[in-house]
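We call the chains A, B, C and D, going by the order they appear; numbering starts again at 1 in every chain.
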Amino acid sequence: MSSQLAHHFEDMSQQREASSLGMWAFIVTEVMFFGAVFTAYGICRMMYPNAFGEASNKLSVLLGAVNTGVLICSSLTMALAVRSAQLNKTKSIIGFLIATMILGGAFLGIKVLEYSHKIHEHLIPGLDFVYEGVHAPQAEIFFSFYFVMTGLHALHMIIGIGIMVWLLVLAMRNRLTDQYYAPIEITGLYWHLVDIVWIFLFPLIYLIGRA
Amino acid sequence: MWSFPLLPDRASTVATQVDMLYFFLVAVSLFFSLVIIVGLVYSAVRYRKDSKASREGAVHEHLGLELAWSIIPLGIAMGIFVWSSVLYLGMHVAPSGAMEIYVVGKQWMWKIQHPQGNREINELHVPVGKPVKLIMTSQDVIHSFYIPAFRIKQDVLPGRYSTQWFQATTPGVYHLFCAEYCGTSHSGMIGKVIVLDQPEYEAWLAGGSSTAMSSSGAELFKQFGCQTCHKSGSSQRGPSLDGLFGKQVALINGEKVVADQEYLRESILNPAAKITQGYLPFMPTYRNQLSHEQINQLVEYVKGLGGQTSASEHP
Amino acid sequence: MKHNQTIATPEDYIHAGYGVRSWLFTVDHKRIAILYLLSITLFFFVGGFFALLLRLELLTPQGDLVSAETYNKLFTMHGVTMVFFFLIPSIPAVLGNFLVPMMVGAKDLAFPRLNLLSWYLYSVGGLFTLYAMVTGGIDTGWTFYTPYSSSYALTNVVPVVIGLFILGFSSILTALNFIATIHRMRAPGLTWFRLPLFIWAMYATSVITVLGTPVIAITLVLLGFETAMGAGIFDPALGGDPILFQHLFWFYSHPAVYIMILPSMGVISEVVTCFARKKIFGYHFMAFAIMGIAVLSFLVWGHHMFVSGQSIYVGMVFSALSFLVAIPSAIKVFNWTATMYKGSISFHTPILYAFGFIGLFTIGGLTGLFLASLATDVHLTDTYFIVAHFHYIMVGGAIMGYLAGLHFWWPKITGRMYNEAWAKFSALILFVGFNLTFFPQFILGHLGMPRRYYVYPDEFQVLNVMSTAGATILGLGYIIPMVYLIWSLRKPRDVGENPWGATGLEWKTPSPPTTHNFESTPVVDGDPYQYSPEERA
Amino acid sequence: MSQVVPQKVYLLVFATLMCLTLVTVDVAFYNFGILNLWVALAIATFKATIVVMYFMHVKYSSKLTWVFAISGIFWLAILFTLTMGDYLTR
């Protein structure tokens, strides 16, 4: 155990608490990061409610909803992976981590599918944007937000999956135990945060102007 | 070269009021600076390392003092806040009946047109003693219309009207600056404000033989076929514009807006934004067909079609 | 000065390893602080060089030294370099990195490898920006206002935006590190209200960084997206709103001013108590004032936008909130002054800088009232009055505080004392040069000279000449410390662990400290600043 | 070592999240006027809260974690309120 205690900490619990606190501070940063773009989106939506509603109808609720489900599943498997580490069950850590990565991959796959639809429909703001009707300029803003927000969210998922590869290596070497599970714990926090961002993204982007 | 001003010209009604606040602030600043400097110098000299002055009774905290130097500055600050906010509101709300002059900023010049039709570039002729309201927009980046002698400044944004007003008090020639960085020749986007006596101003107006803005607007109204939909009297396709200006308009989403210059401008450029109740959104945008000056002329024309003449009170 | 204390053994952090690799791959917070010291000094002189060219150009009303395009690039790059690459990292990344673990009695920051990563992010961001400057520069002003920056500027907006985005993560990671360290790694007995005020200041700064920086990061992403692809969010020609950009920009960039000034306030509290041999006056008020400023800093950004076309009612709310910041600032200044009263003041270099700081910050703060007040702000905003005001805060305040700290802890960092005669002389030069440079700009602003003007009306020349003359003196004042500080490194080590007789855990380590700072974890059993005036009277 | 949350709790949270996803999709197709937005936001906020509480263990964490979690929301509210305030009173 002691080899996993960095020289500058007094004991394992100080080390774990410091990591967890550092991660929470980072989560606050992430909340502000996504929060600012949500604010910008909210203001533009308030200025152009009709245009945003109309543009939103070009998105597929089905794909968005399926992706929400996939992401919630991955959050569950991630939470169970952390739990396995707390209980010292190495095999199930590995199993749940792989499940989380597969679900994350599925989410990104569906995202790619959605993006390719948008490319075919010429809905790429700035570069290739063809939109009929009086709301065209505002719809372009909507799609700018759509790509920035979902793109940044997807980027976070890719980073999360990258970290999980490292965790998988740690788990396979039996390095994640009930004494030392801070890495998987803070990755879990991060992954759930990404889930929460999507929980807000989905209704605000996909489900407006449907009624 | 060695005779240079230390105080700016003061040539508008608000300039005097702003300066009073300014000098009050200078006095407050001098007072507190002096308190701090005297305190520091006194302590530094009297309690230098080698001095024999008694250090007895030194304290490390004193609630009374802390509260005093929190609450007194707070009181002063709130006083300044109220004073300056009242002044600011007055600086923002143009008196009704102010004469309106249209300003278009572009990299890097000011284009100005008077309702009588006179155009000028980088110069603004105004009469003394009359409230003047500037209705300003930009055709590219953000500029800022700044007349130091009048103590007024307002950013001029693309895509909307900004307004400000002043009443000049002293005839003369004053600086006009662009105060918001706008690119290479930002410092060349300057001009003169020429304040004239009323008769001189009228002479100046008469000197430039030109078509009134509303007449030019009427021309454009015909040229672009606006009257095919916006017929006077009852019409099926577009709302009538007679007597529209200054009135409340009910929109299809249930909101109500005042038909001011900004509303008219937006309705020409982005007609779908605010649709009047009982009409359909099929008016096309005239975004790329009209220059900013032409839009101003159309607005001035519609304004002249009746309704209240008083200016809207949006900043 | 006491020279009879133990001279450090050779295993100090500087001699813990040799060669470039031992520095570039170090995870020791003290070595990383040195890496930052070198990097920010480089950027400071780059930014200072731009400033010198600006002032030379403004010597005459016409454009003669450089072209208008070049001038615009110079003031933009001066602002970007100084704000993002010098002022924001200055005290936190150099002095904070070096001192925070020692002051809380820890062996290192909580996440040493993350700390090194922040320096690399800083360097990569810096290189991106330098690249952008060398290959054409950027001319948007450091505020990047849209739509000029996104649709009209033909310069390297996107590379600079990328550079600053990367840099933002450097600040955030350092801040996370400080927060975790201050929360979780304090020595036994070191409760929150026994912390030195420098630690409070670093904590508040880190909180602002964590909350504010992500907002500028996403704003820059949106700006870069709009610039590169032409999709409108901020450009009205594309249906967007430029004022939205200003809101998001200032939500970070106003608190960023406090990221620059709060650390200096922390330094001044350490310096004033040490050289007045007195406990800080009103410790609790000082600590709460720091946190109060940190919170209020997020509520006032709209005072940058009083003439921008934002709602006048929101303008009034922002104005009232801005006035509130005056209160904790006033508390701090009054408490420093009261700390000196009945102290026993010895005039070493650091306290000279502290005197400079208090005086200049007072002027900077009071002129802030003119700008929080709506009616006067309309006239003064975007003129040289603003330029003078924020230089009083950022140069007169933040840099004076940085220099005070650097001179205070230089013996700790290097184990050597610099030449105090030269140091005092340069402090004086800086004070005089600074005031001569920036005071005339208040008058220029009130006369109506707009900022960012390449050519200006003739009647403003005299004041501009004064300002340029002052800038020359100021420039000299920055070069002298470079020389004598570097010169001091030639000597053998000549100070013990506590040359100033200061309290604080950092002075209980050898000078320079060993890699692990403390032989055994220190235990704290009392308040900070246990000085008594009699001790040296 | 912090508390190990029972598996049952995780599954219950998961089931709730899934149900609420279906609900939020479904209600989006009924016209409640301005209420649509508020219903969607309320559901999303509730979902986010249970994720934070159970998946992210805040319910079982120190006060400090609560402070951090709340401060993020608080500062976001500052940004949103004051910016929105400008647009609503212009």
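The working rule: contacts are C-beta pairs under 8 Å (C-beta built on N, C-alpha and C of every residue); 3 or more make two chains touch, one makes a residue touch a chain.
Quantities reported herein were computed from a predicted structural model and do not represent experimental measurements.
Fewest steps needed to get from subunit A to subunit D, stepping only to touching chains, is 1. Which two chains touch most often is answered by the contact tally, and the pair is B-C. Note: centroid distance subunit A to subunit C, computed from Cα atoms, is 35 Å.
Computed from the mean C-alpha positions, the centre of subunit B lies at a distance of 42 Å from the centre of subunit D. Counting partners per residue, subunit B has 270 as the residues that reach two or more other chains. Annotation for subunit A: residues touching 2 or more other chains are 21, 25, 28, 32, 35-36, 39, 43, 47-48, 137. The residues of subunit C that reach two or more other chains are 183, 211, 215, 239, 241, 243-244, 248, 251, 311, listed in rising order.
The full set of touching chain pairs reads A-B, A-C, A-D, B-C, C-D.
Within the complex, the subunit C residues that touch subunit A are 101, 106-112, 114, 172, 175-177, 179-181, 183-185, 210-215, 217-219, 221-222, 225-226, 229-233, 238-241, 244, 248, 251, 516, 521. Residues 13, 20-21, 24-25, 27-28, 31-32, 35-36, 38-39, 42-43, 46-47, 61, 65, 68-69, 72-73, 75-76, 78-80, 83, 86-87, 178, 188-189, 192-193, 195-196, 199-200, 202-204, 207-208, 210-211 of subunit A touch subunit D in their complex.
Within the complex formed with subunit C, the subunit B residues making contact are 1-2, 4-8, 14, 17-18, 21-22, 25, 28-29, 32-33, 36-37, 39-40, 42-44, 47-49, 51-52, 55, 57-62, 65-66, 69-70, 73-74, 77-78, 80-81, 83-85, 87-89, 91-92, 107, 140-142, 144, 146, 148-149, 151-155, 157-160, 162, 175, 177-188, 270, 315.
On the side of subunit D, the complex with subunit C involves touching residues 64, 71-72, 75, 78-79, 82-83, 85-90. Of all residues in subunit D, only 1-2, 4-5, 7, 10-11, 13-14, 17-18, 21-22, 24-25, 28-32, 36-37, 40-41, 43-44, 47-48, 51-52, 54-56, 64-65, 68-69, 71-73, 75-76, 79-80, 83-84, 87 touch subunit A in the complex they form.
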